[in-house]
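Worksheet for the structure shown next.
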């Protein structure tokens, strides 16, 4: 059994990780860390029975006394770097879903992980389906240089396009080279109708409607045919197989791996 | 058998109409008019055997001598009004797919059709599926005011958004009233990502790729659900059932009907 | 404010109705009935603060003492008929989402509602999007007789095809008459590949996969074109606008209305 | 310029190849072979001007006198093996889209190609998009073992499921191992609703409607997410980039390559 400490356990992602660690046959919860709900039993977060693990805000102590092998961190940009360094210093391997570490933080963490001979996985996206979509899209672009992306999210999302759409575009552009798509004489009768224009003329279209969660399709057009790669995510649970894969893999690693795709596909 | 004259028979739509008129059990070709291919047998347009009908550029004469009951016109904006007036004066009922008649032309044609007690159908879109999509979209908007439209066309289309998308938007706006959709604080990190903004905040997204012909989906979002109405057209043949419906219906009409939807759905 | 009693408040649908009644500007909770969680404050069901309404298993008493105008019932087939009769006798209008009433029950309820001059709404499906899909499908079938249905559900669903797919088929068949679709010579190399065969040759295809909730598309094929009507439901919340519509409408009715579509569309 | 002879030039695929060879900057037509339209100029097949190449039924002579480097063959199962052997004996490299060669034929052809030090490409499917779909599907199956396939074709297709769907299934099964999908207790209320059952419980659903040409989607389901890989082909033109790739590649090969995927992706 892999002993897992969850940092940020009371948050929405933290609770999902808690369920996952409890359900998997080869993982067990050894510590629950959060600045909220301190003193309560971790089981209360799921509205269920007591687990015998009390939520604490003291990460260093929790890691020192619990025998944790892996720390999963879903906290916030301000605390993530400190948490990761605390974990590594305690001989605990971090699996990090929190975004927002600076390059400096990243360098410090990399160095420390190497020095401690410990694995560390930092991943902005744990949805394996989304990572496969990006991988396939990059590969398809070699054969079908004409591409557009439609991403659809719930209507409370503030920014457009999504980070996943931008990442997908970057990977496509790396593969297709200097190709320039689109009709020069084209006329937009309503400004913006043709979407957001990325380098090489690739267009991203961002739909925002209630009833959506997180969806993206990458469409490749060729003469007489189209190839579409589509990912639909409807709940946070979709990230959990990726988190579990990382928990298992981090034990065998040394140093930092950034991006779950580098773990899965290579 | 309904005797049909085809004006603009050598064009791409004209040839489809020719096939349709020859194949339908209750229609027959009586005249073939075009300024191109004059003097050839109409059958040569389909690469097949002679039909015994010679292509002529003289519409008035062709209508006068052929016993035509209906004239189908797919020509161009410059000649359509003259053709329709010539037909009505000859006692022949026009079925018109050519766009671009002015309001003045339209008024003259309406008056003449009334005076001659003849039916006349003018329709910018003969694809029954597209007309149903617009009808259903307008109706759904009463229950789901949050809507976005994605239309996809081949990459040689010059204008965006498509006429069908604009028409759909107009019909939706008529039904949903003053509703304003979209998040005020929303931020476009890439200009145009959120599509073309129509009144009421409705967005149209225009995709242009090889491998597409003419496609549109209208997406209605509600809490926890979406309703999508989608039309895919992959060939000119898709207009032919609508043309045939109009040929049959125009015999029973008096005066001008504009828009096949007014014939089909009311 | 419309005073609403919720019968089956501790169930999964009951809790959603509770949230809805608390959130709507014109409804308020006056009683919470369930055989589970008796004696707790209804607010505990949402993990939130107390509402001052205690869950009780005594429906008759709760209705008599709370001034309820409407009772929403999401219980089970064994108790629904009794609950509805109890409500009508107490002068309370039922809005019923529970399925499984017998024809006898239905007759008794109808008679009682008439006698009491009270409205009563019984609806197997409160998702307005699904009802619109069925309505549009029936209408499209007049113009496009060739239809197939694909429905997709989570992989724990026991029966195939779904009730919605069967209901959609019935409505389509009513409209398209004796039409027989499909190729007689067709050969299934793998039994079942062509789906479930309904009267008139209409096929239903049932997909079952994790990651789906409840989805259906009805596809109409014509020469060179297809028209698709698609409904995607990803949470129980999608039923709530329909429940709220029924709560408001039942006050103005007399007698039983079966099917929310008869309230919405006519 | 690569000198190309087209065998079966008067067929539907042959005419597309003719257009392609004439349009590409690095290929030229040197011979046109067919048992139909013998004696006519090849240009007449496209309804255009003369090309100075007369259609002949004598393949051996045409190859001997035309300086052909590559022969493209889209004929029929009865003549394809003889054509390929004739070509190889004449020192001409075959690119073969005709299906139906026996294993014996295949062995003979392989041996002869090796002996002559000539390349030969035999491919049942030249649509690069379809080949990418199959490749991606096989790869995704490693991460998402729950899969169903929906394929959609025009309503005149005789067999179900399609060859592409069966091929896709085979490739998926190779990757996902012994996994068994589907709910054991599941009940089909309409026989066939759950589709055609393949090994491992994978289901194929075959939709047949007018308005479709050749479409397939492979859907992978995971908790909270789905990944869909979709290919839509609407014309024979979609095969031409693959044919052109083969024409160019066959010059550099020695021996037979079966399946364009082995040329493209490895």
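We just call them A, B, C and D in the order they show up, numbering each chain from 1.
By definition in this document, a contact is a pair of C-beta atoms (placed from the backbone, for glycine too) under 8 Å apart; a residue touches a chain by one contact, two chains touch by 3 or more.
Here's who's who by UniProt: A, B, C, D = 4-hydroxy-tetrahydrodipicolinate reductase.
The structure displayed is predicted, hence computed values, not measured ones.
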C-D or A-D, whichever has more C-beta pairs in contact: C-D
Chain separated most widely from chain B, comparing mean CA positions: A
Rotational angle, Cα trace of chain A fitted to chain C, multiple of 5°: 180
Distance between chain centroids, defined by C-alpha means - chain A, chain C (Å): 37
Chain centre separation in whole Å, for chain D relative to chain C (CA means): 48
Euclidean distance of C-alpha centroids - chain A vs chain D, Å: 39
Overlap residues in chain D, where contacts from two or more other chains coincide: 211, 220, 222-226, 232, 234, 238
Pairwise touch network: line, ring, star, complete, or other: complete
Chain B - residues contacting chain C, complex: 127-130, 132-133, 136, 139-140, 143-144, 220, 222-241, 264
Parts of chain C lying in touch with chain A, wherever the complex brings them together: 47, 211, 213, 232, 234, 238
Sites on chain A touched by chain B in the complex: 146-148, 150, 155-161, 181-183, 185-198, 203-212, 219-226
